[in-house]
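Before I ask anything, let me first share the structure, which is written out below as structure tokens.
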């Protein structure tokens, strides 16, 4: 197995999906050992740091990549298996950015209120305990919370000649901010341009569903990925919306506004997937999904909101999505 | 403990929250043993039944109640503890109702398409195995799914002189359709009128998050409830939105449209609750919630959509909401 | 022609659609000469009045009525022709109510911001000039604006046993807050209960489209109405959503959230009306509407938002909606 | 005055805002005489043409340009004055594109319905009468409708390194599809990149407010524009959202989803403009706008919906936006 290690220098980050030359050309089957900078580009380090002072909003969500996958053509499916996510620093940061967040006035939910106050929280990581420490500023509350690393941002170059900010989630993946993007997960994305040109970033040491204030426990991350390519075929049509497979669940992520449209997209995506896996027609799949869907929101803060539709494999007959590539990647990952 | 048993006759159902005389006057501390008819008023019994033929849309979601709680006044908090939910029939039904459902044209998401085809599914209950059987109509798929009884509808009379259909979820509870409303849960609702005038109905033997097609595995239910009243006080302000407490989670349900507003209401409700429990200011509570919120959707099909914000007690310091009434009711329920 | 004059005493207002006994029983063909109190129930009279001090939010939007129309049955269409609206006071008031308004945090668009400041404006009426005077408080700006009286609220009792606050617009009309509800307009509403039980209120001396801050130039009004009844028949199906006919336009008002759903409802309503008037199928009507629709928003502030779809009669072939009842009422009104 | 004439060859269109090299470099003060192809790239010519057969969805909304404006820098304001729009063909076309349109299932409002039927309408232009002819296909109805040429698409390169499809409206203008973009209008757009890189296209011979089915009377257009540049200064901050000035109105266009957010953006934009013009604080401007706002929707069909807030100059004191550049351009246009 080919292994590529890459820690970008400050000038090497990508800030968009599409529109950037690849940093590497890799073959399907490659293992990537990557370093990702945090969403704040490392500029937020103390509770006294105010976002409006220290952040450069044109340089948030730095991406490691993009990677050109040899042989990837539009209509193919890229499979990215997350082998491991390990915090690369001993602390993470979260903050309130003016006019950003699910419970804040924004440039779109444009109301006449002043922005909320700025406040920054630093979470110390306890590697032995596997926790991050929440420290309230209005009380003495200190809470050890499990460290559950995930990637906020996994995406390919968009279709239709577009170039999108790394803050955007959409059909090309991107800034979906779902806790489902965690070690052991395989993410399937439709390839829109030759080489797919995927990148990753925005590691979170922990995030709740919805990412309410807009910033998780943001932290630099050591990322291990396996890359596979599923060529287009009648049995393996590329997914319209990002899919995630784990040992226990099938998941589809829809991203749009209003939130019900994001949810609808994820539901339609799952109905399609159940049809592919089991031959159910759309009405039977709709009915089954009605009784078994899990719907943990991803984010209600980004340019598009992201909603998740998830079904437990344990409730379903055995299936082998994309010829069983998840299981294969899972086995490979164990040998690393 | 006073125990009231009640199985309404066909003519005794309520079809609204508010606007109906109580069937019983009960004291706080009463145990209710109730029977609830299914959402279809029992009219859908075979896979060949078409909703447009057999349903009377003016008589869906029949309510058992309302109950007048002695001493309940506006501003108080009603606590309803669900001791037990047992399917009262050996089968449940689900169906596609024309112009209803999350992935269907409706009277509000009013598009020019013809309605989706009608189709009805009957789920046989296996009491020993604790499962309901999904039987596909387009394939041979048969799936045993866990039976997880819940109540779709728990509500009090609305504020502001309104009378709302039993299909509506809002600040008064009502047709929230959340799987969180299950045995072991205590639901807290603000009292809006003297006596609270609560009712329950719409039992589901199983439902996924979102209730995609609009109808769960609908079934008649034997319901055991404990009723408590928390008088208004500075320490115990009534909740703006319905709250649910279980042994493991605090939950708030927001209901509105678009879906992000339902979610926002549930989040603001939880921030208020975290403030009450731990003295956190709104910014600390916002931050903490960002990292620990669970957000399993309730329904994206009803007059208002319902979103859930949920936090695991295991992540939080010990707390005693409403003076520990949940634990007290839980203990009482074990003695029944 | 029977003429009924009525100025309700303070204790005689209705605060809801439905749920209230009629103040009068009238026959179709009756002329009503009514007085309506302003939306604030007359409690806001000076710029120093703060809504949170002087308003009783349980008593806003007082309704004059309801009126029981003899012979009106569910499925019929009530026609209310607005003959005249004359300001009943020499001033109107507008204000910023905490947590209310299109550019404010509300209980639904629930964000963490403090409420906007309260401020009240009083508009002096110049009857001779036909203007109301805007007086800025931050500058010396004084603007004479045309006085364009309209009724914010025209509605019948709702379907489905519901009782709705007079703040709500929906299929039953209600608090639509559209400037189209002005002298010369005929409003068509589906009858949901015997007698229709309609009421009117919430006079505005002037309002912009959208009613941004939530309160127009609110003022007591002398109202002259003609009441007609169109019995249900295949040629005259009752409208699903409120319709308004003037000498120059056909208009449909949809009310829902999000705003696109309100607009969709109004569009579907107009496509239905174009079909009734001209026999166009839904695709031709959709196409024609695409090129001729006017869409002045009504309100983006109420419980449901209201969107208007309007077409100029001048662009269309001659037609006679509901057997030409509008022309008939218009002629009658001239003889008053 | 420098005059540039340009009719792009088929290979010279731009399909995006941003990401394309300029076809011309021009100085402020230049007059452009342009030809724009229709939104269908001229591929839809007969009522028997079905979009799914003849359209290439990767090549719709062809743009003429982009133009590099000498001296334009980020933060400046580009002023584009529309001198004249003359239909360049004797017919226009409109059609129903599968899974597109305001009353259709789409990839975002993703429901389970089959697409609506495809149907194409061709409108013959009568230059003498100034009309286009609607010909129904389900009846004999033929309607002469006024020809009111407008540009669906006027935009600059987006901020934040993005490249957006020419189907998108947003802060950079783009596919706003508002009938306000007509001869006599001056459009103000914030410059995001050196040279502004603006382009125009998507001529409509006529369009209703909302553009219900998604396609207006689409036609090739002869376009005459005057280009000006307003350098950034404290008195002339660049507008956050596109502004349009005509002899009679000030207009702001907001684009987002859900539709209420598009409207909110346009309202906040107008409140800012009223503040700039008259020194009103935000609360006075909010109040004034509440009483004078006109809100004709632009589109409820594109990637973002576009809402318009418009105020009549006749209701306001005299003002001179951007130093009176509109009047200046208007006078210049008369001398052409």
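Each chain gets a letter, A, B, C and D, in the order it is written, and its residues are counted from 1.
Throughout what follows, a contact is a pair of C-beta atoms (placed from the backbone, for glycine too) under 8 Å apart; a residue touches a chain by one contact, two chains touch by 3 or more.
Just so we're on the same page, UniProt names per chain: A, B, C, D = Acetamidase/formamidase.
Please read all numbers here as calculations on a predicted model, not as lab measurements.
Novice: Which chain has its C-alpha centroid at the greatest distance from the C-alpha centroid of chain D (Acetamidase/formamidase)?
Specialist: In terms of C-alpha centroids, the chain at the greatest distance from chain D (Acetamidase/formamidase) is B.
Novice: Where are there more C-beta contacts: A-D or C-D?
Specialist: C-D
Novice: If you average the CA atoms of chain A (Acetamidase/formamidase) and of chain C (Acetamidase/formamidase), how many Å lie between those two points?
Specialist: Chain A (Acetamidase/formamidase) and chain C (Acetamidase/formamidase) have C-alpha centres separated by 47 Å.
Novice: Measuring centre to centre with CA averages, how many angstrom lie between chain C (Acetamidase/formamidase) and chain D (Acetamidase/formamidase)?
Specialist: 32
Novice: How many angstrom lie between the centres of chain A (Acetamidase/formamidase) and chain D (Acetamidase/formamidase), each centre taken as the mean Cα position?
Specialist: So the centre of chain A (Acetamidase/formamidase) lies 35 Å away from the centre of chain D (Acetamidase/formamidase).
Novice: Scan chain D (Acetamidase/formamidase) for residues touching two or more other chains and write them down.
Specialist: 103, 109-112, 116, 257-258, 264, 267-268, 271, 283, 286
Novice: In their shared complex, at which residues does chain C (Acetamidase/formamidase) touch chain A (Acetamidase/formamidase)?
Specialist: On the chain C (Acetamidase/formamidase) side, the touching residues are 103-105, 109-114, 116, 258.
Novice: If you look only at chain D (Acetamidase/formamidase), which of its residues touch chain C (Acetamidase/formamidase) in the complex?
Specialist: The contact residues of chain D (Acetamidase/formamidase) facing chain C (Acetamidase/formamidase) are 94, 96, 101-103, 116-117, 119, 121, 134, 136-139, 141, 143, 145-146, 206-217, 257-260, 263-264, 267-268, 271, 278-281, 283-284, 286-297, 300, 305, 307, 309, 315-317.
Novice: If you look only at chain C (Acetamidase/formamidase), which of its residues touch chain B (Acetamidase/formamidase) in the complex?
Specialist: 15-16, 18-19, 58, 107-112, 160-165, 240, 254, 256-258, 261, 264-265, 267-268, 271, 282-283, 286
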